Every structure is written in structure tokens, then in C-alpha cells.
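In what follows, structures are represented as C-alpha cells.
Shared between the two complexes below is subunit A, which has subunit B as its partner in the first and subunit C in the second.
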Partner chain A sequence: MSTDTSTGAGGPDATTPTRDDIVRPLQHTQKPFFIVGAAASLVALLWVIAWSWQLHNGLIVTDLADWGSAGGVTWGLYIGAFIWWVGIAHGGIILSAAVRLFGMKKYQPVARIAELLTLGALSMAGLYIVVHTGRPDRIVTSVVMAYPNTVHSSPLVWDVTVITLYMVMTATYLGLTLRYDVKRLRTDLPEILDPLYDVMTLGYSETEDRIIERMVWWLALGIIIMAPLLLHGGVIPWLFALMPSMPGWQGGVQGPQFLTIALTSAVAGIIIISSVLRRGYDWYHILTDDVIRGLTLWLGLFALLFIWLQLQQIITGVYAPEVAAGRATAAKITAPVYWFAIGLVVIALAYIFAQAVKPQVFTVRRSIVASVLMLAGTLVEKIFFVVEGLMYPHMYMYYGTPGTYFPSIIEMMSIAGTIALCTLFFMGVIKVVPVIELHAIEELRGEEHGSSEVEER
Partner chain B sequence: MSTEDMTDTVDEALEDRLDESWEAEMRALLDETDYDTELGLEMAKDAQRLIAGQISEATFHEKYTGAVVEEFGVDDRPTAPAARSDPGADADDDGDSVGDGHGDQPGILETMLGRDVADGDGGMVTSLSEIDPDTDQTRRETMKKMGAAGAVLGLGAWGTSEALQGGPEEPSVGTAAAQADDGDGMQYGMVIDLERCDGCLQCVTACIDENQTSAGANWMYVLAYEDEHTESQNFLVRPCQHCTNAPCEKVCPVEARHTRDRDGLVLTNYEICIGCRYCQVACPYGVNYFQWGEPDTPYDELPGSENDHDALKELSDDERHDHLVETGDHIHDDRGQWNDMRPPQGVMGKCTMCPSRQDGHQGDEKVGTVACADACDLAGMSSIHFGDMNDPESRPRQYLRQRVERDLDDDTDLDTDADWSESTTPWRKLSAFRLLEELGTEPNVVYLGNEPGPNAEQVDGPVTYDAIGVQDDRKDHLDELTVGGGGL
Partner chain C sequence: MTWEVIAPGTWVIFAVIGLPVYTVVIAWFLGKPRTLKTSVMGVAYLVSFIASVWIGLFLLTMLIRFVFPAAM
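Presenting the complex of A and B:
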């Protein structure tokens, strides 16, 4: 990643960023905002209606069924999409880590966007757990009651635990870093939200800045250790990797494999959101082409690792596999949908290689397309992974194996619905807090952080 | 020689045994465990004194209660406090209570207290068993810990001392389990003789009738199959394997899927299951059937549906049992937990091995029976043998022995010292197997006959599911209510 070492501001349209830039979304709302908001609300509403149909009639409205004699698969799109959202949620931590722990200041302007993406995406993942279960009304009571015992044994409980922890830590992290900005930008923030800002900056004093910075550093370290190693390289893949019943899933490779998918989709998500925001709020001089180019390269690296680990699985599954594992691999590499997913990733990779070799190939628009391809590829791959694993169980003698599954309309609507909800979440957030850190502006202006900025109070 | 002299001699002999080398040996053993060495050593010494009659059981119990609770979290030692110092004095023979309170080490527990540990009058074990079922796990675990420590402490010797006093009188299933030399609690399971099965599917229909499962949820399922190198048609009768190391139970996020302490049945608590279906994913046998939509049989039509789960749990054990028997309740077990017959919408179901039968709610004559095995007997096949796998006198164990003997007549090279749980025993030569045993599930169904290989494929049997009017391909049925997709 040669470009990572270059300094922040660059690109053809670089002017000096100001505080006015970052409070612009909080002061002005344009027509496109309402159009996108209305469209997202409509999609979300349609899905909520579909979901209530499911709540009313039961999961029978999905195309899921029992594996075994019944000829179906019991987990499908909902679980695949759950993994996908958790993966996207990693965007926040990668960027924060890059900035805060590894000193890659170049990405500071997108750090908070990424952190907010973490909150949004994790919420969607949590929502999918609710949507997936047969008795969502019981989740809280049942899980809490049994928690002291199940936390030792159930990977699903590990998941709930780690996701909750990740959520709390990310929210704390955001809350702490926002104090600095809100205090200093207070006069430019909408008055109607004053009570909220009062709470957010409760007890603020300038002396806390250094302490907060240290706290945030440690918190970032905690999250960076936890998120990749424990969450997406840990408990999420362990949901599958620990099941000898399904040979297509079992094995240690799933940890790194899931992590690469998470990182790929996370970077893709950030590229899309930051590109949209910079267009909407004229932030070309803050979220520069250089930043997008750097992110694109990272996207390529992670996607390459993803492909590499796919290769590992295929080669061990075809060379001299145990019968059931060989059957699962054979089915995988002959499934068109698998190659469709891999194909999307490979096409995106081809572009990334090309623009790395020939810089003039790069455009932000193309990077957005590559990101969309990556997100689609990882989503399809994840759903396929879940379904294919269940189609080729260890005990394969049933008439009903391999089972059949194609997501029902209601299930597919959930993808659109959760994307819409996540969009709405973002649209709400940019009207409440600055999504670009004041620190980032200070950095770009070559100013020192801290008390020198505090004036006019 | 006077009595006193004799006691002295015994005492001296005992003190000799408890010498330094004994202590060093015990200490080495205890150091290998996670438990307090000094406490263990002290207890072991006194245990020997107890056996020799130097101290009373009550004294022994009182002396260590505090320390044991501190070390193990609970005092589940098989000795009784003063009030209960006479083992077997209040023996109670009703079949459904025996075996209750078994942990993994009932050998000690049962033999010391008699077999009515759960029906006692205030001992520690009793009070524990009366607590909310949620504590079952804890109790079981404590038993395991006690078992580990007990083994080291030489408490096993007590079993012998009890045996001298004469065991329980009536050889019911439970008492036999208590005496079983296997060292495990009661464990219901099956021996299924696949060589006797003719694929009539009577067990399948009997199960559906018994449990009112919805179309295609065939808790008992029979596969006719062909394997690569066999020309004949084989059968695999597939109930739930009620595994000792059940993967479904391990992954359950809410402890809905659990093993019942009293008899090792793996059940689903329909009252708390959230329907995440992880059990179905983890089970390598495909025995789980989720209730995707409204069940075919309405709740009101299930015997016992008038009983309220919560109200049942508030009754005392005896009251509850009597009430469930009176009402012929078929959906609650003796703990007042809803886990029998078909599950409600959004909840997982599977073969239960009929807990309400085992608890006597369908009448005493049905205790120790299951619907599928009854049907198999009725069909004249007697392929399915249900009972306590840890009881050498149970029907499945007896059947296993018979088959060994029969095979011995044909092959005199076989060793007669049969133990079904040892891999070197003749039953392996009988071509007996447990399904996918290599996955470490420790299933409690033992099959006699051909084991399906990894390439076995199901084929139409002599009697098809169609012919008996049973839905086989449940997916087709479920697709009727799928909204969009599915057939795309």
C-alpha cells in the first residue's frame, strides 16, 4: 500500500477544509436527502409489513425447512445476511485502528463514518437474530435466564455476548470522542437538539481532552483485539466451524476465512458511504480521491486474502478428502451460484489490480462499482456457505439430501429492508452529530488539537 | 476375646492402613485433582473410619458440611445428616420416583441412601431436587465433581459396604439401575435389531399417533437403503439417539434442549425454546423437526392441555404427579415441564422417548414403554427394545445378551464375558454399532445388523410412506405456505 504513507490532503480539488464544512449537514437539508429518505422509509416499511406476515404465520412463509428426511435446510438467507452485516460492522474498527493505533492519519476523515457504520451494521445483525428465530418474543427472557450456564457451551451465546460487548465498546468510544467535537462546535449545531448535547457534554472540561484521548486509545486497542480475533475471526465462524455434523463448515480455516470476508465487505461499505457523503456535502477536499484510492487498495488486499482462503478450502476438499467433506466440496465447486459470487469478487479485483498498475484507470465511480460487487459477492457467498453446508450433512443417506432452498420473497425483502434501515440510521445521525471529526479538520489544516481551538465560549 | 478387644484390633488394623505410605499415595492422587488436598485426605481417613464403624455417618456428615460446601459449592455427599442416618429405612418403591436425583455418580448416592433419594424427608439431596428444575444442571455438575473427588477419596468402597447390608428389594427398572455395576445413572435408550426389521413402518405411524406431530415431522423414521457393496436391502430405524454427549444440548442458547437427570432422556422444554434451530444444525442425525407453522393438531386437543405449566410447577412433587396421572396428562413430564407431544409453532420438536409415559401419566403399565416399540412388538417384529441401558436386567440389555448367546452357538471363539459398553465385546462381532459414533456424540441407541456406509442411499422400502398415508417429503408440504420463491 504505497499510497498509505503519503499525507492527507491531495487531489485536484483540494482547498483548505473548515469547521463550516463539517457542520454543513447539520445546518442544511437538501431535496435529495428527502427523496432518499422517503425511498428508504418505503422499502423499510414494506419489509416490516412482510416481516409481520412472517410473525403472524410463522417461519413457514420462508423457504426454510428441516434438513434430513424433510428435504430442506434450516438456516438460510437470514443467517447469511446476519454474518454479512457483522462483517460490515468491522469497517469502523479497521479505520479507527488504522488512524489511532497505527498512526495512519490519512484515514482520519472517514474514521467516524466507519464507527457509525459499525453501530448501524451491528444493529442490523442483531435484528436478523430476532427475525431468524421462531419465538422472538422469548429471546430476552430465555437467553438471560439460562445465560450463566449457556455462556460456557453455546456458540450462539458467545456471539450474543461478543456482539453486545462490541456494541457497547464502540458506542462508548464514539460517545467519548464526540464530546470534544460537540463542545467546540456547539454554536453551529441545531438548537433543537440542545438537551441531547447537554447530556453528551455533561461535565466536560478542557483538562479531560488528554485523558479522553488516552482512554480512547486503550478502548480502540481493546476493540481491535476483540473484533477481528474474537468476533469475526472467532465466535461468528465458530458457529459453523465447530459442527462436525456439517462437513462443509467444519474446520479451522473458517476463522481467517470469515475475517477476510468481513474486512472486504467493511472496506467496501466505507468506500460507498464516504463517496456518497462527499458528493452530498461537497467534501471533495476532505474525503479526497487519495483517501478513496487508498481504501480501494485495502479492498483489493482483503479480497485477495478471501480468494486465497477459498482456494485452501477447495484444494483440501478435492485432493484426498474424507467422503462427506469431499461430497460437500464437489457440490460447492459445481454450483453456479458459488462461481457467481467468486466471479463478482474477481471482477472487482481485476479493476483494483488494473488501477494499481495504471493510476489513470482509477475513478471514484469505478471504486464504488467495485465495492458494490464485493458486497454482493460476499453476501451471496455467505448465504451460499450456510445453505450448502446444510445441504451436504455428514449423514447423507436421506432421500431428502441434498435439500433444496431458494430464498422466499419475504426473506429477500429483508436484505433491502435492513439496507434501508441502515441508510435511515445514517441519515438520522448526520443530522445530529458531525460525522467528520474535528480532529481530522485540524489535522488537514496543520493545526494542533486541543485547547487552542476552544474560543468564543 | 471381648468385644472391646476386637474393636481395638480393628482400630489398630485401620490405623495401620492409614499409615504414611497410604497418606503419601492419597496425597499424590489428590494433588492431581482440582480439589483441596488436605480436605480430601482428612475426609478419606474419616471415611475409612466410618466404614470401620468408628464414627457414625451423621458425625461424618456434620464434620465436613461446611468444608464440602466451600470446596464444591454444595454438599451432595451420599452420607446423611443425623436425621437421615438410617439408609433404606424409608424405602419407597413407587416406580416413577426411582432413579430421580441421579447424577453421573448414582452408584455411590443410590447405594448409600437407598434408591429413594428424591423422596426423602429433608436431606440435602432432597432439598436440592425440590428446587426449580433450573438447578438440575448445577446438581448434575456437582455430582460429577463429587464423583471425581469421591473416586480419589476411595468413597467407592462404600458401595461394597452397602451391598453387605442388602440392597433394595424389588427389581424394578430403577432399582436395578441403582445396583447397576456400570457406575452410571439411569439411561433410557434402545437396542434396535435391524436384522429383524422388515420396514413395515408401524413404528412411524404409532409415533405420529402418539405425538400428533404435523405432516412430515416423522420423529421416528425408517430408511430403507442400499449400500455400494450390498445387494440386499437394509433398514435403518432412526429415532432420536438421546446422546449422552448431545451436540444439540451443547449448542442450545437457552437450555431448552436438556438431558433429564432422572433417566437421561434428551428433551426440549417447549416453554422456553426460542426457535433458533441451532440444535437441528448441530445434530448429525437429522432427527429434529421444527414447527414452522401452526401445528396440525390444535393445542386444546392434546391430553393435559388444560393443565397450566406454571401452576403445575407450584405444586409439590407428589401433588403434581398425582394430578398429572389423574388428568392423563400427555404433554407435561413429572417436573411439570411441557416437553411431550408435538411442539407449538416456532419451537423445535423431536423424538422424546415418551417422558409422560415414563413418568406414569398414561398408567403404570406404560412405564418403561414407548409407542414405537409397542407397535413393533404388536407387528410381531420386536426389533425395537427400549429400556435402561445401564441396567443389565433391562429389556435391551437382556436382548443384547440373548443375541450374544445365540451367536455364540454359531461361533465358539467368542468371549462370553459380554459388556455392551466395551468396544472389545462380542456385540461388535454381532455387527452391532452406534450411529456416527465417531462424531463423539455417545448415542444411546445400539443397532444390531449392517451399518450404513458413507455412501449409503435411501431407496423405497417394501412399504412406502405414501402407501401408509404418511407425508415423507415435508419440504413439499411446507412450500405450500412459502411466500414467493421456493419453486423459482
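Presenting the complex of A and C:
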């Protein structure tokens, strides 16, 4: 392993980021890593056992089978959590793309963490599609075989198409930008993974750096248009907003509403992961308080827009609505769970507003708590949105269906299980590639991109 | 109705949602600086990731079918 701590002239001091900082997770593993890994594995395993019970007995164990045996709710926590995970996936790559397109250099150190959050969260969203189906073995064959016909009219198929494109564009973005880092940090990376690094840098030459930089810029542009406007502000809300039979779901406002929720939960996720990583790997001089505070302010802005769009829906639903929409809105605003979700967001907003007015109120720990509240609030709101829409349709086609919906233990375990799986994904990735871009270190050191030398093992 | 002339998914997917993807790929091949090798490599990344997503999903679902035949 190289012991060189400098990437350029001048020599580092204690607060100057170095390449050693970003390869530290790949070289050292401490006890807390194993403890967190064991805990996450246990939680994930417990959920897999619970899911196995569902696979063995069918969706009936969740009351979501057929027409539902819970007041007609056939899409419950699973679909709410699916939307939540897609939302979290959102901000990641958008933040990274914004760094590249709009020169938001301050956030460059969190860009790759954000990209990885996109991949991890999207994988969990995809897993929820598998989990919520009664016959998961038919998913691929039915989607692929019927695609030429269904793509023209099915929002579900549009959804699958755009999620695939989004995931693939994100992975390509990550794959192309990693070539630069892997080639230059090669001697500091684990030798055991050399075959993987060989594949990742296949055909690399230094002359490609400028070309890749341009290609990635265009990719960032494509992603920043597709992700917010066409995925979470597009095909995901259209799964609901295009349904005339469900007044709680229908309407163009769902596009911006979904997008604001997505951005809120995504920034919250980035704040939590960045804060944990900076503590775990002593990255206080890279992921600075200033970066976390900036992210906290963005969190506040997106949460405020989320609340504002809730207001839009409530006022149009209570002033002079048509009958079914009025009934759906009345059910919504009299449900304690709805106000619980909104309350969590408002409490977090109160802190963000306070620290914006009085900077000494800000602490990273408080921002983490605010982020957890935001994530909890957005998850509850999304599940409630899905369930309430099904419980208050235009026509009571499920009228004879008994019961009311409450998530089963198996469904609730899926939340913990997927969070654990996403944690394990991150823990695995930080042992394979640097999660802070070498470009970010060069930028913080005031060096030009490409100033680090290529290394060969 | 427009719906009867051209279904919404046809233009939503192939004209609107496809647009960012077409733009990216065209820019890769026509912008400067460029080399054909690097542009092709970018497309290879896209195609191989699409394949790995769907093949991976297919294998997972087939594993589920194999392990839980009673539920099928």
C-alpha cells in the first residue's frame, strides 16, 4: 500500500484533505463496522424469513390478496414504501448532477455518496415491486413479453421503463466517473479486488479524461431532466393521478407533490449517511459542518414546498369539491395518522427555520434528528396516501369488503429489512470503491482536475 | 380523441421520456472532444447495465419459483 499522503505540492496539514482520507475505509475496518454489519444482517435475515412466510402462504398473510380483506385496500404499506424508496433514490443523483451542471462545488464531497444512495434506494424500490406481487416469478416474463402492447397504455409499464432508465443512467454515470479515481488510487485499493478494478478501468487512457468529463456532463443533463420531471414528478405520481376512480389520488398536483416529498426524503437520507460516514472515517474536514448545514437548508426548502402542496390539496378538497373528492379530503383531514405525518415534518421544519435565523442553533446531531423525522413523516404520509385513496373511491366497488387496513407485522418488518439491506449495500460499497470523489479532494486542495498521477499495479 | 389516434404511452415513452436518453447518446457521438471508442464504451455501459438489471431480476424471480413452488 502507498503511504503517500500528498496529491500535489505544498504538503498537507491536519485540515487539508488528502487521498489517504478517501481510501481509509478501504484499508481499515474497525469494530463498530462489524457491529453495525451484524445488526443489519440480523434484521435483514429476520425480514427475509418473514417474506419467505409470505411467499409460502401467499399475500393473504398480509390481507392484501385479491380484493383485499382490509376495507378494499390491495396496495398498502408495500406500495407506499416503494414510492418512499424511489423518492430517496431521487435526490442522490440529482445532487450530483447539480454539482456538475451548476457548479455547486460545495457539495462535491457528498456527490458520490448521493449517487450510491440512488442505486441502493432504487434497488430497494425494485425489491418492493417483487415483494408486493402475488406471483413474483411472473414479473419479468409478463413485463417483457407484453411490453410491445402494454407500453402504449399502461402507467405501470411506463413506471418500469423509466425506473430502468434512471437506474441504468445512474450506474453509467458512476461507472464512468469511477474510472478516473480507480486508475489514480490503484495502489491504495485492496489487491484482492484487482480483477474488478481491471474490468472497471478496461481500455483506460489519460486522454479519455476530458472526453469522459464531457460525456458525464451530458449524462448529468439527461438525468436532471428525467429524474425529477419525468420519474418522481411524472410516471410515479401518474400511477395514481391518472385514476379517475380514486379522488384522493387524482389530479395534476400529484406530480409536484410527489417530487417535493422525494426531494425532502432524499436530502434527509444524504444528511444521515454523510454524517455517519464523517464520524466513522474522521472526515470532518471534508464533509464539513458547512456542507451539512447547507443540506439542512435545502431540506427545509423542499419540506416547505411539500407542506405548501398539502395545503393546496386540502383547500381545493374542502371549499367546493365534488362529492367523492370532498369525502376523501374529509377522511384525510380527520385521520390522526395524517396529522402525525405532517406533524413530524413541521417539527423538523421548526428546527430548520430556527437554525436559519439563529445559526448557533445548528448542530449536526439536530440535523440528523430532523432528517429522521422527515423520513418518518414522508413514509407515513405516502403509505396513508396509498391506503386512503383505495378506501375512498368514487364508486364503492369494494363496499362489501370487510375490515379496515392496518399494516401487518410482515409488511412492517419489510421497512426494517430494506433499510438494513440498504445499509449493508453501503457497507459493502465503501469497502470496494472510494465514496468521495478524487476530484473533490483536488478541488478542496485547490488543484486542477487531472493533477493526480495515474498509478499501475 | 387524441387517445384514439395515438395512445398516450406511445408519445410519453418514445418521444418525451426517451428524449433525454436520445440527447445524451447523440451528444456522446457528435460532441467534441470525442473518440469513437469512448462513445461506444458509454453505450456499452448503458446496454450492459440494462441487461444486468433485468437478468438479475429474472434470476431472483426464478429462484423464488424454485424455492417456493407451493405458493405458485
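In this text, the second predicted complex is superposed on the first by the 421 of 457 C-alpha atoms of A that agree within 3 Å, B and C clash if a C-alpha of one lies under 4 Å from a C-alpha of the other, contacts with A are read in each partner's own complex, and residues count from 1 in each chain.
As a working rule, contacts are C-beta pairs under 8 Å (C-beta built on N, C-alpha and C of every residue); 3 or more make two chains touch, one makes a residue touch a chain.
Just so we're clear, the structure is a prediction, and the values are computed from it rather than from any experiment.
Novice: Identify which of subunit B and subunit C touches the larger number of residues of subunit A.
Specialist: B
Novice: Return first, second, both or neither, reflecting whether A:G126 touches subunit B, subunit C, both chains, or no partner chain.
Specialist: So A:G126 only meets subunit C here.
Novice: If we overlay the two complexes on their shared chain A, which of subunit B and subunit C does A:V157 touch? Say first, second, both or neither.
Specialist: both
Novice: If we overlay the two complexes on their shared chain A, which of subunit B and subunit C does A:S408 touch? Say first, second, both or neither.
Specialist: After superposing on A, A:S408 lies in contact with subunit B but is clear of subunit C.
Novice: Taking the superposition on A as described, I'd like to know which of subunit B and subunit C A:I211 touches: first, second, both or neither.
Specialist: In the superposition, A:I211 contacts subunit C only.
Novice: In the overlay, answer first, second, both or neither for which of subunit B and subunit C A:L230 touches.
Specialist: second
Novice: Between subunit B (first) and subunit C (second), which does A:M169 come into contact with in this model arrangement: first, second, both, or neither?
Specialist: Touch status of A:M169: second partner only.
Novice: Applying the touch criterion given at the start, work out whether A:A416 contacts subunit B, subunit C, both or neither, answering first, second, both or neither.
Specialist: Neither: A:A416 stays clear of subunit B and subunit C.
Novice: For A:A330, decide between first (touching subunit B), second (touching subunit C), both and neither.
Specialist: In the superposition, A:A330 touches no partner, neither subunit B nor subunit C.
Novice: Kindly classify A:L219 by the partners it touches after superposition: subunit B alone (first), subunit C alone (second), both, or neither?
Specialist: A:L219: touches subunit C, not subunit B.
Novice: Could you pull out which residues of subunit A sit against subunit B in one structure and against subunit C in the other?
Specialist: The overlap between the subunit B and subunit C interfaces on subunit A comprises residues 57-58, 135-136, 138-139, 150, 153-155, 157.
Novice: Could you please specify the touching residues of subunit A with respect to subunit B in the complex?
Specialist: These residues of subunit A touch subunit B: 50, 53, 57-72, 74-75, 129, 132-136, 138-139, 141-143, 145-146, 149-150, 153-157, 160, 239, 243-246, 323-324, 390, 393-400, 403-404, 406-412.
Novice: Residues of subunit A touching subunit C in their complex?
Specialist: On the subunit A side, the touching residues are 52, 55-58, 126, 130, 135-140, 144, 150-155, 157-158, 161-162, 164-165, 167-169, 171-172, 175-176, 203, 207-208, 210-212, 214-215, 218-219, 221-223, 225-226, 230, 234-235.
Novice: Of all residues in subunit B, which touch subunit A in the complex?
Specialist: Contacts found on subunit B: 134, 137, 216-218, 221, 223, 225, 236, 247, 250-256, 272-278, 280-294, 345-348, 435-436, 439-440, 452, 454-458, 472-476, 478-479, 481-488.
Novice: Give the list of subunit C residues in touch with subunit A in this complex.
Specialist: 7-10, 12-13, 16-17, 19-21, 23-24, 27-28, 31-35, 37-39, 41-42, 45-46, 49-50, 53-54, 57-58, 60-62, 64-65, 67-68, 70-72
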